[in-house]
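Quick heads-up: structures coming right below.
One chain, chain A, appears in both complexes that follow, with chain B as partner in the first and chain C in the second.
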Partner chain A sequence: MSKHACELNFLSRSDGSALYSIGNTVALASVNGPGEVKKFNRLYNRAYLEVSYSPSTGQSMIGERALESVITRTVEQVILVHLHPRTAVNVTIQEMQSDGLELSTSVNAACLSLLDAGVQMKSTFAAVTCCLTPSSTILIEPTAAEMKESVAVATFVLDGQALNVLSAHQEGCLNAENFNACLKACQTAAKDVFNFYRQALEKKYHTCNEIS
Partner chain B sequence: MSQEVAGVEVLKVVLPGDEVLQYNPDRNKERIFIGPGLRWEDNVIRATRPGLLKKTLKRLYYVDSHQKRYIPQKREFVIGTVLKKKGDNYIIDIGASEQATISYLSFENASKKTKKEMKVGDLIFGQLLVANKDMEPELVCIDTYDRAVGMGPLPEGGLLFNVSLHVARLIVNPKNSFLLTISKMFKYTIVVGFNGRIWVKAKKQGEMVAIMNCILMLEVMTLEEANENALRVLSSFSQHNSKEATC
Partner chain C sequence: MTSLETWKTFEPESYYKSFLEKNKRPDGRGLMKVRPITIKIGTVTTAEGSSTVRVGHTTVMCGIKAEIATPALRNPDEGFIVPNVELYPCSSPKIKMGPPGEKAMGTSQFLKNVLHSSGVLDLKDLCIVPNKLAWCLYCDVACINYDGNLYDAALTAIMAALQNVRLPVVSYDAENDKTSVASERTLPLMIKAKPVSSTFTIYSDGIQLMDPTAEDESQGSGEVVVVLLENGSLCTTHKPGGQLILPNILDDFVKLAKKRVKVVNNLIDRVLTERMDTS
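Showing the complex of A and B:
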């Protein structure tokens, strides 16, 4: 499994930000909110969540819109939106470097930046990508080269409490048995991601004041 | 792994969704109080914010998190900027998702004939009378007995800057002597808003900037480190100033 690394509060002007990487894929996420919302997007009983994703090279097109909608629908399940009606939470993700793991790196960077900003959530969430090789082995967090050789690639976003599935994204052909095997493998790998989040936040809170 | 500081016990670092304790009102005889950052659902208390879980002597549990975005809370003192006048109210920006209003009558000795005049861009220190998720926040500059008690428009010639919310709470806490440390070097006036805005006024502009930099140090260091560094920075600043005077 590749190495995870992150730096919290990377941007001084955002409410929360995180620079996060899995192996060679790096993403920078920034959160602003709950703040002012345009009249068009104002919802009377909950916060409006907007996710914006920019690729490292080229223009933002339909593939990026699809990625944004997956991340929006995942994050909406976790943030306590009913605590902040008539506000907006903006999550902006910039892809810095890509080695195939855009979706999981972006989702995890978004989670870390939401934790840095202190937005109220039901639980943390983590995305794990795995691929199924032609010889039916499951590789967790593969490189772009490994994904090219694989039969199918699946990404699962799991919640921090019971490791339930928040969203699943799959490319290629997976029968029911392989799908379940991939899910189990991702659930095991997700525990490491949650431990990583815990270590990052313990570091943040222990280098600062404890008297308040 | 818990420490006790002046009656507040620091328990551990929690993440959203972490179980703090099980509480069933039918079974648990002792009453407990739940503060910010915690939620009670299905007889389990879970954290909703990442931060340090703390417990006071009176069995109040809360999560102390480090945030920059201000969410209005009733009875908090905030510093706002006047944006415009709308009918009988002023519209004030307090750094929250919505702008606050203050009636011209909410000042000491104000009446329908003697209105308080404020220009756009003036700073005002007031208390939030109404602040919840469903309503627009409202400020007042008087207490229940119609006295100003230090609230009202701030005088000209100071310096306003933003800090994280936990830094503002830290320096206001009477148990922390950080502001006293700075006062050993310079005479200054300071107004701290719980919305992360701090206003400082001293004799010279250079002194105000030096004080601002000392307070900003608290964002990245612990209180002890900041105390040492602050004295060093301020003493080198005043040495530099006295050198200029003799030249």
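Showing the complex of A and C:
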């Protein structure tokens, strides 16, 4: 598994922010809300969630729009939208450095930034990417070079309570047996990610206690 | 308005739930029953390959135009395949004029991913002269009536259209740097895989529906798409957020999707054979 690192409350003007890295892939997520919502997007019984993702180089194309869509629909399921009607929660993700793990880094950065902002959620969530090599080995959080050589790359977003599947994204061909093996491997790795979240937040609150 | 229609308009959630309690949907289908599919090919005569697919009321047209392009520097011996899905405002009151929205972009990315993952076309087969000329297939998928399940309809349409494509022979004279394109379209594409997708909507814990209509999708909370190859083995899955699912449910989905694979591929083969017989 690659090294995870994060810094919370990185941006002073956002309600919550997180700079997250997995190996050489780095993403910065910033959360603002629940707050003002445009009349067009106002929903009478819940918060409106808007996610925007900017790549580090080049223009936003359909790949980035699809990524936004996955993150929006995952986060929508997890945050308690019905507690904040007629408001909007904005999550902005900026890709800082790319080494193939954009989806999982962005999702994890989004989760930590929501926790940093204090947006109420049903559970935490974590994304783990794995790839299946031609020799049928499963590598967790591969580098871009390893992904290029692999047969398939799968990313699973799992919930913090029971490690069930919130989202699944795959490139390449995986038969049922390999799919289940990848899912199990990701579920095991996700436990380490959730522990990492806990440590990051404990560090934040420990620092706050020291000041007071 | 009858009292039933009043109920449907003012309380859509409880109206819909009342059907599910009896294991049925408002259109009378069981929870795992699929709608009939109709496929027509060659519907866009100006395109190199085309098809029109109806899954229930969802109507999708696919037209494939082939253009000659220069291969990318990174892959000098590969052609291009560019799927693009558009939802026209006439298809549904929820779709507005303007640039493609989330649904269209998500479906375009899904098609791009499936075509690549299942190895439908070897991009090297689309190359005419390395570093110089290659085919670029623009696959335009247009939804003119949206009643749910865009993924399956779009994939079926693009697969039927690809198997219907006829390209002209291209010859390149290196000495004079002259490209000549034959006037007749005769060459079919080498289709290496025939993936078939099946979409399921998660309504709640324990209730899943196969082949959702627009109403099923709006009442449900998330989709799961499983894509199988023609031999029934799982190729790829797509779950873009939505309610969480237990991993073993995916095995059930794969079992149900297996039956659909033969139905769809046989239908496409039959339509193609009929076309060959008549032309």
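Note that the second predicted complex is superposed on the first by the 209 of 212 C-alpha atoms of A that agree within 3 Å, B and C clash if a C-alpha of one lies under 4 Å from a C-alpha of the other, contacts with A are read in each partner's own complex, and residues count from 1 in each chain.
By our rule, a residue touches a chain if its C-beta (ideal position, glycine included) is under 8 Å from a C-beta of that chain, and two chains touch if they have at least 3 such contacts.
The structure presented is a predicted model; accordingly, all values stated were derived computationally and were not measured.
**Student:** Of the partners chain B and chain C, which touch A:174 in the superposed model: first, second, both, neither?
**Tutor:** In the superposed model, A:174 contacts chain C only, not chain B.
**Student:** Look at A:159 in the shared chain and tell me whether it touches chain B only, chain C only, both, or neither; answer first, second, both or neither.
**Tutor:** Touch status of A:159: both partners.
**Student:** Using the superposition on chain A described above, determine whether A:69 touches chain B (first), chain C (second), both, or neither.
**Tutor:** Only chain C is touched by A:69; chain B is not.
**Student:** If we overlay the two complexes on their shared chain A, which of chain B and chain C does A:16 touch? Say first, second, both or neither.
**Tutor:** After superposition on chain A, A:16 lies in contact with chain B alone.
**Student:** Just to be sure I read the superposition right, which of the two partners does A:35 touch: chain B = first, chain C = second, or both, or neither?
**Tutor:** First partner only.
**Student:** With the two structures laid over each other on chain A, which partner does A:205 touch: chain B (first), chain C (second), both, or neither?
**Tutor:** first
**Student:** Following superposition on chain A, which residues of chain A contact chain B and also contact chain C?
**Tutor:** 159
**Student:** For chain B, which residues count as touching chain A in their complex?
**Tutor:** 3, 5-6, 8, 10, 13, 15-17, 37, 39, 46, 48-52, 54, 64-69, 71, 97-98, 133-134, 166, 169-170, 173, 175-176, 218, 222-223
**Student:** Under the stated contact criterion, what part of chain A meets chain C in this complex?
**Tutor:** Counting only chain A, the residues touching chain C are 62-63, 65-66, 68-77, 152, 157, 159, 164-176, 179-180, 183.
**Student:** Provide the residue numbers of chain C that touch chain A in the complex, in ascending order.
**Tutor:** On the chain C side, the touching residues are 102, 105-106, 108-110, 112-113, 116-119, 221-222, 224, 229, 233-247, 250-251, 254.
**Student:** Okay, in this complex, where on chain A does chain B touch?
**Tutor:** Spelled out, the residues of chain A in touch with chain B are 14-16, 32-37, 80, 83-88, 115, 117-124, 159-161, 197-198, 201-202, 204-212.
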